[in-house]
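You will see subunit A twice below: alongside subunit B first, and alongside subunit C after that.
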Partner chain A sequence: MTTATLARRGRIYVLEARYQFLMVLREPAFAIPTLLFPLMFYLFFGVVMGGRGFSAAAPTYMLATYSVFGVMGPSLFGFGAGLAMERDSGVLLLKRTTPMPAAAYLLAKVGMAFAFGAAVVLGIFLTGAHGAGVVLYRWQWFALSGVVLAGVIPFCALGLAVGAWSKSRAAVAITNLVFLPMAMLSGLWIPITMFPAALQDFANVLPAYHHAQLALKVIAMDGGQATALHVAVLAVQSIAFLIVAAVGFRRAESGAVSIRPGGMS
Partner chain B sequence: MPEEAVARLWGVTHRYGPVVALEEVDLEVRRGEVLAVLGPNGAGKTTAINLLLGSAAVQTGEATVFGQRPGAPGVRARRGAMLQISGVPNTLTVGEHIDLFRAYYPAPAPASRLLAMAGLEGLERRRFGKLSGGQKQRVMFALALCGDPQLVFLDEPTAGLDVEARRGLWEEIRALSESGRTTVLTTHYLEEADALADRIVLLHRGRVIAEGSPATIKSHTAARLVRCVTGVHRDRVASLPGVVRSEARGRYLEILTSRPEDLVRALLDLDPDLHDLTVVGAGLEEAFLALTRAPDASEPVS
Partner chain C sequence: MNTENRTVPRSVWVLLVAVVGFFAALATLPVPGDAAAPEQEAPEESFAIVDVTLFDGEAFRRNQDVWVEDGRVRRVGAKLRLPEDLPRVDGRGHTLLPGFIDGHVHTFGGTLGDALRFGVTSVLDQFTDSGLLAGARTARDDIARTAEADLFSAGMLATAPGGHGTQFGLRVEPLTGPEGAAAWVRARKAEGSDWIKIVSEDGAAYRGEIPSLERETIAALIAAAHAEGLLAVVHVSDLEAAREAVSLGADGLVHTWFDAALSEEDARSFARTGVFVVPTLSVIMGLFGDSTGLRVLDETDESLVSPMQRQTLSNRFEMPEGPDSEVALENVRRLHAAGVRIVAGTDAPNPGTATGLSMHGELRLLARAGMESHEVLAAATSVAADAFAVPERGRIAEGYIADLVLVRGDVEEDVTRTADIVTIWKDGYPVVRETAATAVSPEIPPAPDGPVVVDFEDGLDSGFGFGWQVTTDAMNGGASTADLTVEEGALVVRGETRTGFAFPWAGAIWFLGDQPMQAVDFSGRSVLRFRTRGDGRSYTVMLFGAGAAATVPPTVPFVAGPEWAVVEIPLESFATADPSIIAALAFVAQAPLGSFAFELDDVEIR
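So, the complex of A and B:
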């Protein structure tokens, strides 16, 4: 491959990501809830309520769990709902008739989820450090942001699986049905240790639980399970989501279901 | 006459579950021509286009474009497509969409030329969601041309447009073929195929039922169906004015003709007792029906 070809292909990735980002930024129905809700929740439950009710450690604990929550949103909605919408509107089909590399499209969506996730995490960190007096070592801030943002991978995979199997109109609702209960049952809103034992056991099947435990490990507030266990579960689940997504796309393309609103003609 | 095939379907049969979308279809796109694939909804037009675009996998038969597999990278770079889709994201501007699609191709057309070819000058900064239906179709048209393609597929380019917007887009499509590109368009308007195409392939229920110049196809579809009870024998009818074919149906004789007035006059001269006479105007739909009647029930008599 010549340098010119490489440069051209590089430009596709950059432009695809840039326009993906612009597109989402100009869509208030996506941008406002995904950027502001985790921050507002953290302010209310972590800082205002946490300072009085739960314990002195609450703002620190919830700094980690609400950051995980903040990364889940753009990954699930950008990928899940966003992809289902672009598939149903036909844009994806149109792009696939062009020489656009499919990876450019997918990476642009991952990049968008990453950028939005990073913005939310930054907001929560600033609020925690300056509004709630959360004190961490410098390495902990960096490690925590790294661990939390790595969650983009399993959550994008989950979003892809939901997007591959749902119609655009249903995608937002289905994503919410995955997103909100999983956030709650994984202990992102209220510490998992306050749950009944059965629910604590159940949390072990949820990717957000394992991701949150990894984040809590950085600040030594996790439940004590092995790092390797959490990483292994997340890796296996990510691969499973990708397989489910691939099957969903293949099914749509085989014509078993209509790939555009007008049906076939 | 340009004869070289730039794209072809060969013996293609395609099913969606139990529904047969295409059956034993042979279709050839010749270099430099405008080919119209004409047919009512559900005829299989979009399936044919999707196979030629590589968007759907060939089940039975063969599809090639530029002598290669339709989805091959070298093919994608040299052809463009306008699909029947609801549009591109509303929040990006016309200029941004064109910028992105141009980046996909190794030798894109200049943005200014694309805007001019699609009649979009002055709208670069407008968001897609703020455009009229006609303007949106023009954007989709411009996106099909971003790669400066040699072969362009337009799947029902004027669907849902009003008469004025439709004629406007016709101008752009004509200019496209004058610039030497090969164009395949699907439509269910005979008028559109007639206005734009060098050659028409008539598709009905997944089969190619007629193929030829617009004049040939029109001669079929301009026909009227004359129905009556008469003692005149079918064999005698064949020599009467404009008769395409005739057929006995129960006690009726049905005659497809391009000259209904002359035919009726001749019939009445031959048979004063002729009764129960009806003449059905053949729109495109009737013409499809006339052309698609089971051939064994009505041998063509001319």
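So, the complex of A and C:
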């Protein structure tokens, strides 16, 4: 019986992931910007402008930072905005009436972020390699993709926290308010070293900064802080985001925030 | 049951394929060494390159074999009958070119090596230390393994007292009038000059004014050169000077000009005289901040670029507003269209250029000025050799010296491919392209006993080592600037750190070796001591060891306050520094961005 139950369990997880994936694919408003924007940004700032405006190393440096940027998008929007909308439209409530474990829903969302993140990373890597002549050791290509994709976890946690506390109509706007300034201030668009000292110090509170530094470490272009520091900050922040998210959900369940369907109509 | 079992595996399959595809795609990404695919070692002295696209100096020919024997080209043709045991290089997919001839360089330090490592197998020097000439003749007549390009040179240049060419510290005997011309030319011929170089430069094109040779003196020099059987070439930088030089019978002009475009009528009359022009677009475009060399640098493996190449590329001339680089290009376009011979030349290692490397940029600039691939390449080979009467070079033909450059791909289609070099042969021997900095360093000369002191009483010439130079992040593509002057016996460093490079810097660097970045042994010394004052900013001393290009230099900060103060830094404060190998000390401003000014004096290592 255990195998049969396990198989059924597994099937629920896979099906949920599959339907989430299909849903996202059929939602070009999400898929196209999250896939194409980081790529276009990298193409413009890293490849076209990079060689002349910054330095010969710019395409390589920005390969790492725009990959981090690319992974942030699907993690934050898939979770933050996506969850808030599904909750307010009642889809989430519907799902919770089914025997599907809540974890299947969450895992499907994380898997989605991974899949989109991987697609963006691959796109940026191929662009850098073939458009700007970026050359890395093979272990660096693999390690960089791994480090960058691991960023899905803290950013999903952040997305979850934002989604738990915002209403669907505001969710996209609020997520953008987190996403764009954080990307900018973490040095994902232009190297952090070009910022005034005060802003460079401020970046230390941003998860994207620490994640970008880890990615840059793989290609030996980071600012020289300890790996352990970046990992620790990311771990602590991830846990903090999850707690914030849990509190937010509890509040929603207790009725402070409407989880009923049709709130808008 | 069936549907149940199918749905799950299909999704899992899709996932598996996606994951495998992701990793497979990662595995295809370029890694170091891909560009230099494992090829067999290049053969030397006697060998054949078979089935290659050949540029023979004048035209492209497909599917050719080139047979090299004892350092010279023995035969060229399609499907040659070659000895069975002759080593062969597969030329398919490659283009074989004659070694390039740079029609305008200045030779000092390691420039001949830098030239050769980028396929410039001969240089036509337009002003250098005449003491180099005798040795250059011996070296170029010897068909043997060498690490340097062949040097042909004007030696000393002819200029007015205080005129252009006197500012570099090289020995110059200025001319005050036409009466000294004949003796002057005979002295050059005796020293070993291959031709005569005359400066006609009043500074007008640069919005300045400097003494220049009179028309009569230029005429007398040209006549004297011709009487001695030597060519006479003239430095010009404005249209008026160009017209005058051509009317006086100059054989060549060694720059184009950018103050005004010449008329088509002028161009035709130039063509009728048979004069040739070495436009040196590399240095001229560099004046306008458009260094084509920097673009070549981007495409070049770091291990091939010497510190000096990097440094000279990053240097900039200050250029007044007004003139237009398009005028320089337009002049080349019109000269070429009228049939005036164009010789490729860079004027390296002047600011914005690098010896050897910039040649590949010059070719692109000539192409931009409307020349076709075969015309561009001829300008850098056969036309250059013919114009300056350089024998046995500039072509791939029977009896010619085997100075060859094998590049990847089809150069006829895309002239930028010349920089993608597979092998260079000089005198039939393959050239080691890596710079000395990356190789095991040779023995390091000891510093003289006692403290080494620079007091700047005699100007910028430090009296020790290669001396003081500007260093900025421009070598990494940054936009910071610096300027060095000596005022009242102290070094004044002014500049501005600007955004552009991720880690901006600008300031002064003291090269302690006889060559830039050559290390000196300072064993037993323990302190760097200097006096400084300035705007109150914090500055940084960087210490460069040997092979410094590869490592991050250790740094120590200091503050330059309003009053003169002595700064003492124990050498051991430079983490990772080894006093037995110190190549250079840099005194630079970094963050915060903005303009800065500080002074240095009595810099000593003790």
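The rule is simple: the second predicted complex is superposed on the first by the 259 of 265 C-alpha atoms of A that agree within 3 Å, B and C clash if a C-alpha of one lies under 4 Å from a C-alpha of the other, contacts with A are read in each partner's own complex, and residues count from 1 in each chain.
Criterion: contacts are C-beta pairs under 8 Å (C-beta built on N, C-alpha and C of every residue); 3 or more make two chains touch, one makes a residue touch a chain.
All figures in this text were calculated on a predicted structure; none of them were measured in a lab.
In the three-chain model built by superposing on subunit A, subunit B fits alongside subunit C with no clash. One geometric descriptor of the composite model is the angle centred on subunit A: between the Cα centres of subunit B and subunit C it reads 160 degrees, in steps of 10. Once chain A of one complex is fitted onto chain A of the other, the partner contacts of A:Arg11 extend to both subunit B and subunit C. Of the two partner chains placed by the overlay, neither subunit B nor subunit C lies in contact with A:Phe249. Judged by the touch definition given at the top, the superposed model places A:Phe37 against neither subunit B nor subunit C. Touch criterion not met for A:Trp189: it reaches neither subunit B nor subunit C.
When the two complexes are overlaid on their common chain A, residue A:Ala115 makes contact with subunit C while staying clear of subunit B. In the superposition on chain A, A:Thr97 contacts subunit B only, with no contact to subunit C.
In the superposed model, A:Gly133 lies in contact with subunit C only, and not with subunit B. Remark: least CA distance from subunit B to subunit C after fitting both complexes onto chain A is 9 Å.
Looking at subunit A, you'll find residues 11, 15 touch subunit B in one structure and subunit C in the other. By the touch criterion stated above, subunit B contacts subunit A in their complex at residues 16-17, 19, 21, 41-47, 53-57, 73, 76-77, 79-81, 83-89, 91-92, 96, 99-101, 103-106, 127, 140, 143, 146-147.
Taken in their complex, subunit A has these residues touching subunit C: 7, 10-11, 14-15, 17-18, 51-58, 61, 115, 118, 122, 125-126, 129, 133-138, 141-142, 145, 191, 193-194, 196-197.
Residues of subunit A that touch subunit B in their complex: 5, 8, 11-12, 15-16, 19, 22-23, 26-27, 86, 89-91, 93-100, 253-256, 260-262, 264-265.
For subunit C in complex with subunit A, the touching residues are 4, 7-8, 11-12, 18, 22-23, 25-27, 29-32, 34-35, 295, 297-299, 473, 476-478, 499-503, 591-592.
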